[in-house]
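Same chain, two partners: chain A is paired with chain B first, then with chain C.
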Partner chain A sequence: MAELFLSLCPQVRHRAVSEEGVLVHLDSGRILVVNEVGLHIINTLTEPSTHRELIASIEEQFDVSSECAAIDLEAFLAELEREQVLIKGARRGDPVNV
Partner chain B sequence: MNNQNNYSWGTESLSLSLPALQLNLSGLSHLQRTVLAANYAGFVNATTHEPATQRVECRAYRLCQPLNIPTPALTVDGQYAPIKCRLPDGAGVEITGVNFKARFAMQACLPWAALGVFEERELSGEMVIQNFLRILVAHLVPPQGGAVLHSAGLVFDGRAYVFPGHSNVGKTTLTRKAYASGARVLSDDINLVLPEGAGFSAHAVPFTGEFGRTLDHTGGKASYPLEAIVLLDQGDRIEIRSPSYAEAVARLLACCPFVNTDEHETEIMLDVLTTLATRVPVIALRSSRDDSIDSIMAAVEQQLETLRSIGTLHYG
Partner chain C sequence: MYKTAVARTLRERRILHDVSLELTYRCNLDCFFCYNDREKAGQLLSVQQYSVLLEDLARMQTLFLMLTGGEPMIHPHFFEIGRIARDLGFVIRVRTNGHSLSRRNCERLVDEVAPFMVEVSLHGASAEVHDRQTRVCGSFKRLLANIENAKQAGLRVAAVSTPTAWNQHQIAEMFDVCDSLDIPLRFQGPVAPRDNGDTAPLVIQPAEATWARIAEVQRQRFDQTAGSRQQIASEEVAVEADAETPVTCSVGTAGVDIDPFGNVQACMHLQEIAGNVHEQSIEEIWNHSPLFKRARQRAVDAAQLFTDKPRKQLGAPLYCLAVEENLGKSHCGGCAAGEQQAPA
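Here is the complex of A and B:
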């Protein structure tokens, strides 16, 4: 089965502010603050990425184990999904709303 | 909006000078002009405000039929929220509110606006003219580096403190306590901050919430140096802390009505607010309804003094 690509909803704007990030969801009006790791994930998600790519990117950037990165990533992605910030697409460049 | 002249209420006009905005209203009836001139006495034909003032020509016109918009369509999370959409050119904005429809384009070579109502008296009513002005100013000031904040604005000893917070967090309660203790009230609901020198200033605007109007809201044109921004939360007792830079920006953005979730405005608002938070101290206050204004302001001043002493009064 092909790996699922994740990316940011096009209705979301974000800005790095110091080491953290501010996210604005233009549809829901929700405004969120994410920490340094969250900001890194958000920046990565501006291009469709797989779980595996995201974990590798966190490992590389923050010098943490793959297991630790996977746990943090799942929790963060679940939060993004609750906030409807995330979209899941079948392939790069062709996102599909979930 | 074609052949607007055919739908004018009359031939009278009125010029309102607000901070950053000179609004030249035309197409008014005698009644509309008279009521507006009385309600905004100190802002009529007043000396142009500093800093840079944008002149906007606005034509009043009559709607062909009542709007009859159901209340739920104008409400978000229990709060009044006019419907906003972009005109096809992307630069203009159309607003539909309770009893009015308005259009404006602030970034045009000649900024223009139009304000339509069905009943003659509606135009000068607070639900129409004040909401229209709030929205207009909120869109006008970001390019000037300013912001309209959903907040209480209070002046103590000539220095302004702005307390942003969501509805029902206690802005009007705080305002009443401050006013009773002798503070000057800029507004208990909507305040305008503009860059001035190395900092920002808070300006008297004719916008109020439940607190109602004082002299500043009909005739004030003063501005005051902005000493601090105090993010408001409810709690059981006074607690004060310094939020992270990102939290400060996020919470300020959440308190920028009309523009904070507009894709055409989000980037510039983030620019404005990241700058604001580096030039004006931002602290977060949790307090209860029963806390006195003296104890609240003592806690604010103490936190500012602590930040000053350790050199972290500003972000960045």
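Here is the complex of A and C:
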């Protein structure tokens, strides 16, 4: 089975504020503030990425085990999904926001 | 979280988070009390220069971008600049008088600029009052139709009004108009001198009691809608005054204004120039001009004037450094030439 690609909803804008990240959902008007790891994941999601790629990226960047990265990632992605920030099923080459 | 931790980081790390681009001082209305200095001159920024500027700002992690004027939508390259800004991932607000929000332009805004918010100017609750201020017959009727166009196109719209002697009797009615359009309304003020020091607009300053009236109407509405309010980003974007150091505003901390000629200012109304993007990058200006620190200190010093009394200026419950400064420009000896009369 093909792996599921995840990416940011095109209606979401984001920037780094020092180590943290600020996200604005243009539709809901909600502002989210994420920590350094969250910002790294958000930046990675500007290109459609699989769970495996995201975990590998966190492992590499923050020197944590893949188990630990996977647990934190799932919790974070669930929150992004609740906030309607995430798109599942994106394909590489799909237009994405900056 | 945003107003506390993030705002503090913005101040402490000096991150340029919020930028206003005054694209033009031209306008298709002729508001009597307009604050812009229409005599201000210089070399207009080209689309290419806006492109470089916006790329620099995106790299600097600027998030909020206001496209304003004059009337920004009559800039000949408004949509092109807006499209560049959208593609670079800014949260865009368009501050417009609403006169150009035709159905076609609303569709283009959605498709090409994708603004987070469109703020329109409302000057009264009737054509008689609104058109008197804009000095363009039919502008009220057209504004209401255009707000409908904008909403139908899917744009988020909000109204902004300045209370004046001409509309002060319509405060509650202006809220009613906005309720009927299902858009929020906020009041700003006072009526200020023009940015060149011309005090002519001050003759239509509203009665001081108008501000109490606005507060009263807002309080009644707040009570009526308790439980159904939703805070949205537009209400959060301003980097608030920090709790540790009292200031009269957030000038100099995380935002700049850039005029149509590339002049970078700490605030739209404080005319001192930190640099010009014809000559330097915005990054150089932001990182090296001492003006921003000075502006911040002025806001700190001004707050000291109000440690034991509420802020008040020209009857309004606030204090703006720029209003004070621009009032000072008009002190030319007190001759009769400085006295102004409101047009009929």
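Simple rule for what comes next: the second predicted complex is superposed on the first by the 92 of 98 C-alpha atoms of A that agree within 3 Å, B and C clash if a C-alpha of one lies under 4 Å from a C-alpha of the other, contacts with A are read in each partner's own complex, and residues count from 1 in each chain.
By our rule, a contact is a pair of C-beta atoms (placed from the backbone, for glycine too) under 8 Å apart; a residue touches a chain by one contact, two chains touch by 3 or more.
No experiment lies behind these values; they were computed from the predicted model shown.
Asks: Assess the superposed three-chain arrangement around chain A: do chain B and chain C clash, or do they fit?
Replies: clash
Asks: Going by the contact rule set out at the top, does A:Ser18 touch chain B (first), chain C (second), both, or neither?
Replies: In the superposition, A:Ser18 contacts both chain B and chain C.
Asks: Share the list of chain A residues that count as touching for chain B in one structure and for chain C in the other.
Replies: The overlap between the chain B and chain C interfaces on chain A comprises residues 13, 15, 17-18, 20, 22, 24, 26, 29, 31, 33.
Asks: Spell out the part of chain A that touches chain C in their complex, as residue ranges.
Replies: Spelled out, the residues of chain A in touch with chain C are 13-18, 20, 22, 24, 26, 28-31, 33, 97-98.
Asks: Can you check the complex and tell me which residues of chain B touch chain A?
Replies: That would be residues 76, 244-247, 249-251, 253-254, 260-263, 266-267, 270, 274, 315-316 of chain B.
Asks: Spell out the residues on chain C that touch chain A in their complex, using ranges where they run on.
Replies: 1-2, 5-6, 9-10, 13, 15, 17, 58, 61-63, 87-91, 114, 116, 156, 230, 232-234, 236
Asks: Help me check something: in the complex, which residues belonging to chain A touch chain B?
Replies: Residue positions touching the partner: 11, 13, 15, 17-18, 20-22, 24-27, 29, 31-33.
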